[in-house]
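Each of the two complexes below includes chain A, the first together with chain B, the second together with chain C.
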Partner chain A sequence: MSRTYFLSSVPPALRGWVLPALILLFWWWAVASGWSTSPLLVSPAAVWDRALQQITSGDLWTALSASLWRNARGFLLGSSAGLAVGVLLGWSRWAERLVGPSFHTLKQISLFAWIPMLSMWFGLGDGAKVAFIAMAAFFPMVLNTYEGLRSVPREYIEVGRVYGFGLWQQLTRVIAPSAAPSVFTGLQLALIYSWLATLGSEYLMASGAGIGNTLIDGREHFQMDLVLFGVAVIGLVGYALNAFTAALERRLLAWRDRTVARY
Partner chain B sequence: MAHAGTLDIRGLNKQYEVKGQPLPVLQDIHLTIAPGEFVSIVGTSGCGKSTLLRLVIGLEEGYQGEILLDGTRIQGTNLNRGIVFQEHRLFPWLTVEKNIALGLLNSGLTEGQQRATIREHIELVGLSGFEKAYPHQLSGGMSQRVAIARALVNRPDILLLDEPFGALDAMTRAHLQQELHRIWQTEGITMILVTHDVEEAVYLGDKVVVMEPRPGRIRRTVPVPLAHPRDRASHAFTTVKDSVLREFGEHSVADLAEAPLKTERPAPELSAWRFAV
Partner chain C sequence: MSSNFGATVSLPPSSAPALRAWRPRWRLPLQWLWAWPFPLAVLLLWHLSSALGWAPEQVLPPPAQVFRTFADMVASGEIWSNLTISLVRVFTGFGIGLLGGLVLGSVMGLSPTARDYLYPLFKAFAQVPVIGWLPLLMLLVGIDEALKFLLIAKATLVPVTLNTCQGIQGVPNRFIEVARVYGFTRWQMLTRVVFPAATAPIWNGVRYGLTHAWLALVVVELLASSEGIGFLIVYGRQLFQLDVVLASVLAVGIVGFAIDKLLSLTEAWLLRWRRPGL
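Right after this comes the complex of A and B.
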């Protein structure tokens, strides 16, 4: 029996689950059969028990809500600042000349290089973490907003002029909808980056609560089940964020279906 | 029926600046178009025919001479002048009816009047039933019909058409030419069609203005004294068509070839429109 035959016997909607299921099965077998006795690999059942314990004790909720709240603040701060700067750079040649070179230089610096400075400025509390997350959201937002505004077709602007559109009408009826897909891409990236940065900030500026701190606890107490549980939660949150923006995109930008800048 | 406008172009000159050198695009254009007249303008690339339309619609400024609509010098764009571009330029994020509605944004009509006139114009271009369709769901010909409806919805005195069927296949083009003729007769407004298709020009025009390039000038105006509906295969039709083509024939081969440097419409700096909107 060939592998393709095996796959075609699985309903299409479930095919994506085949590999994870196989890995889970192997993992379970590896521990249960005694093939691996290393304390670095605990059984799926142990992780499951840990999950139940974390959920019922409320520890998960404390950590997750702290992380999500931190993430939300950083994301909102960074993406709204990014939107503003992106609009400014995309709108005004003058601003682009003045701010552009500095911006393009700053964005070359690895985000993690800012951590020492941020933690010295804001201390090791939440301020530094939120600032770090905001920076992660800021850069993709600026770049994509700028790109979206710059690529508004001149032809569309002319249509607006033919129908006597004033500046406000051009902005709301032509420029904003035309730039929307690119701005949305920026928003999507900002959301993903800020979630990555949330974990990074919690891990590198370890104080207070958060899912990142759950991971650190697991490592320090040598609880592999806790570490693996934390990893799973982080993955699920990332997946949920992605699914959320994808659904939002399908709804808001439905017109983009199969259109590739055809006008 | 809408009011039809008289367009009067007197001693029109237009030049661009290319690398610091003045480049004449249009030279000494005189053209009078009577109310309700259909005028076709033909010419090779670079003869300035598109620039002429852009000046009349008001998207291009800075010229010498006069362009008068009903005796008033045109200034900027105005709802009494409509245009259909070669590309349909519909906004992909809006449905057919909302695209047309955008044309009425500054019309001053009440919402009820707007709905009525939109429905009327969708009917006029034969697209009833497609009100809620998005541009990506339409064929090229259908999109161009929507663009025509959008251009007419303000009941302009004059409609400019800049190679509107240039990108369509031959069958669709012939069909839309008939449709345009019908619309012209229903609306009774003045129309100017820029095209490089001589047959199209003769089929639709009351007269055909032949332009020649570098700099853009009017070479000759050929009247088309044929009754509608016109039969493209008839002797009278081909005689007119041949007399238009003969104007091209006297050009050198080099003139007929695509201009090596497309001077018709140099793209302005991106910043130009940013502040001009």
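Right after this comes the complex of A and C.
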């Protein structure tokens, strides 16, 4: 009973910090007391120093900007191609019948299995990496665009026709707004997948700069502090990408909150 | 082309409800036939490109050779032995992740206090993808089986935990109230009300979990393995035997397809009680 009392006596806002603080404390203690002498057990201070060194020397910036630039190109390429194919599949029943099943089958192949093929076709340079990132962004984008278009309620289109909307008006006033949330989900997934693909391509085609290369280097030289720092950077970038799309969604799809049709 | 679009958009012809799941509809044999021209055309183009020497064989082996290699690898047992190793890894890791995810998700879903303590750390852990943890774990546990199990378990744990937690929190209050009225014990409340009501979202998590597990397996085997289906791909690549690579990719696709089918069959069985309801 007293233990439960202790757990609930901590103010809710601070509860999330208890476990991380305990882990940090244990980590610090494990190094300081010499509990383990493994060379892999670096102190929290060493990781901090490494972080400072990476930031001030510009190494982090070089790696991160290379990764993000790669990511952006692949993402733009893949998501715009995915949008086009998704619209085609969603609009034309013929396209869906002809290409849909093939697409659905192709999607079953685990994405990373393509890397060795791509490296053969595009070389080990940036081309293959960008092509792979584009593939990663392509699939979720197609799926969600297709579903967005297909789930436009027929009634909406009928109302549009009653008002005598032309094709352009149907598209901009009815179909696009109605499909937008699903398309946006696709965009969000495409961004996450392309970030994963960026890391994967940098591991498997380890040439040039990139945050994935930083991690692989750290592992090869048994520099635990560098690896831990890299993991933290990857987490932060992922977090920033998520926060960015969430903010964008709130802004672009703000009209959803103002309509009556909010369930 | 645009007029064709216009016709399709402004009036969806007779049947087909507006909201449909993305799934090939196997019931109509005629629909099924339409699926073939496109892949056959691609196959033909592929065949022509190697037959006419557009692409050198080292870069793109002819399809017939890929299928022959695939058949050879099946016959010699090379595919099976590697696939068995991979599947054992996937299901062991998946099992660990599933169990951990169900427990962690239930605890966080049922107790707000536990959620306050655990959720931020879990969120930070989930934020770094499997592929980000890989180099760290390679340093810590080496490249043995433990590495594969841990990473696949992580890939499973995250979606299962999230969906279980949200599913349990999403159980409508009125269900709980009815159960209170009937004087259900805590155990009855969990087994008769909370978990059945949360089955659909939990199942969703399991589904994502298995898909992510398979994805993680391929990554781990590509990067750190000396056997398994992912290793076959890397091995073929290193020897510049692209027919081996493509045959292994084919095997990866078939297993992915089989996992997907297995999941939808299980789903139909698991949620069968929902059918007659609405």
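By our rule, the second predicted complex is superposed on the first by the 235 of 263 C-alpha atoms of A that agree within 3 Å, B and C clash if a C-alpha of one lies under 4 Å from a C-alpha of the other, contacts with A are read in each partner's own complex, and residues count from 1 in each chain.
Keep this in mind: contacts are C-beta pairs under 8 Å (C-beta built on N, C-alpha and C of every residue); 3 or more make two chains touch, one makes a residue touch a chain.
Please read these numbers as outputs of a predicted model, since none were measured by experiment.
Colleague: Contacts for A:S80 in the overlay, against chain B (first) and chain C (second): which applies, first, second, both or neither?
Modeller: Neither partner.
Colleague: Between chain B and chain C, whom does A:L215 touch in the aligned arrangement: first, second, both, or neither?
Modeller: In the superposed model, A:L215 contacts chain C only, not chain B.
Colleague: According to the stated criteria, A:P177 is in contact with first (chain B), second (chain C), both, or neither; which is it?
Modeller: A:P177 contacts chain B only, not chain C.
Colleague: By residue count, is chain A touched more by chain B or by chain C?
Modeller: C
Colleague: For A:Y239 in the superposed arrangement: first (chain B), second (chain C), both or neither?
Modeller: A:Y239 sits against chain C, while chain B stays out of touch.
Colleague: Is A:S43 contacted by the first partner chain B, the second partner chain C, both or neither?
Modeller: So A:S43 meets neither chain B nor chain C here.
Colleague: So in the superposed three-chain picture, is A:W121 touching just chain B, just chain C, both, or none of them (first/second/both/neither)?
Modeller: Second partner only, chain C.
Colleague: A:P12 in the overlay: touching chain B, chain C, both, or neither? Say first, second, both or neither.
Modeller: Only chain C; A:P12 stays clear of chain B.
Colleague: Is A:W255 touching anything from chain B or chain C once the two structures are fitted on A? First, second, both or neither.
Modeller: first
Colleague: Looking at A:V159 after the superposition, I want to know if it touches chain B, chain C, both of them or none. Which is it: first, second, both, neither?
Modeller: first
Colleague: Where on chain A do the contacts with chain B and the contacts with chain C coincide?
Modeller: The answer is residues 91-93, 150, 154, 157, 161, 167, 170 of chain A.
Colleague: If we count contacts the way the header does, which residues on chain C are in touch with chain A in the complex?
Modeller: Spelled out, the residues of chain C in touch with chain A are 2, 4-6, 8-13, 18-20, 22-24, 31, 34-35, 37-39, 42, 59-60, 113, 116-121, 124, 127-129, 131-136, 138-140, 214-215, 217-219, 222-223, 230, 233-234, 236-237, 240, 242, 245-246, 248-249, 252-253, 256-257, 260.
Colleague: Would you pull the chain A residues touching chain C in the complex into a rising list?
Modeller: Interface residues on chain A, with respect to chain C: 7-8, 12, 15-20, 23, 40, 91-93, 97-102, 104-106, 108-117, 119-121, 143, 146-147, 150-154, 157, 161, 167, 170-171, 175, 195-196, 199-200, 203-204, 215-216, 218-219, 222, 224, 227-228, 230-231, 234-235, 238-239.
Colleague: Okay, in this complex, where on chain B does chain A touch?
Modeller: Spelled out, the residues of chain B in touch with chain A are 57-59, 76-79, 82-83, 85, 87-94, 102-103, 105-106, 134-136, 154, 267, 270-271, 273-274, 277.
Colleague: Once bound in the complex, which stretches of chain A touch chain B?
Modeller: 91-93, 150, 154-165, 167, 169-170, 173-174, 177-178, 180, 253, 255-259, 262-263
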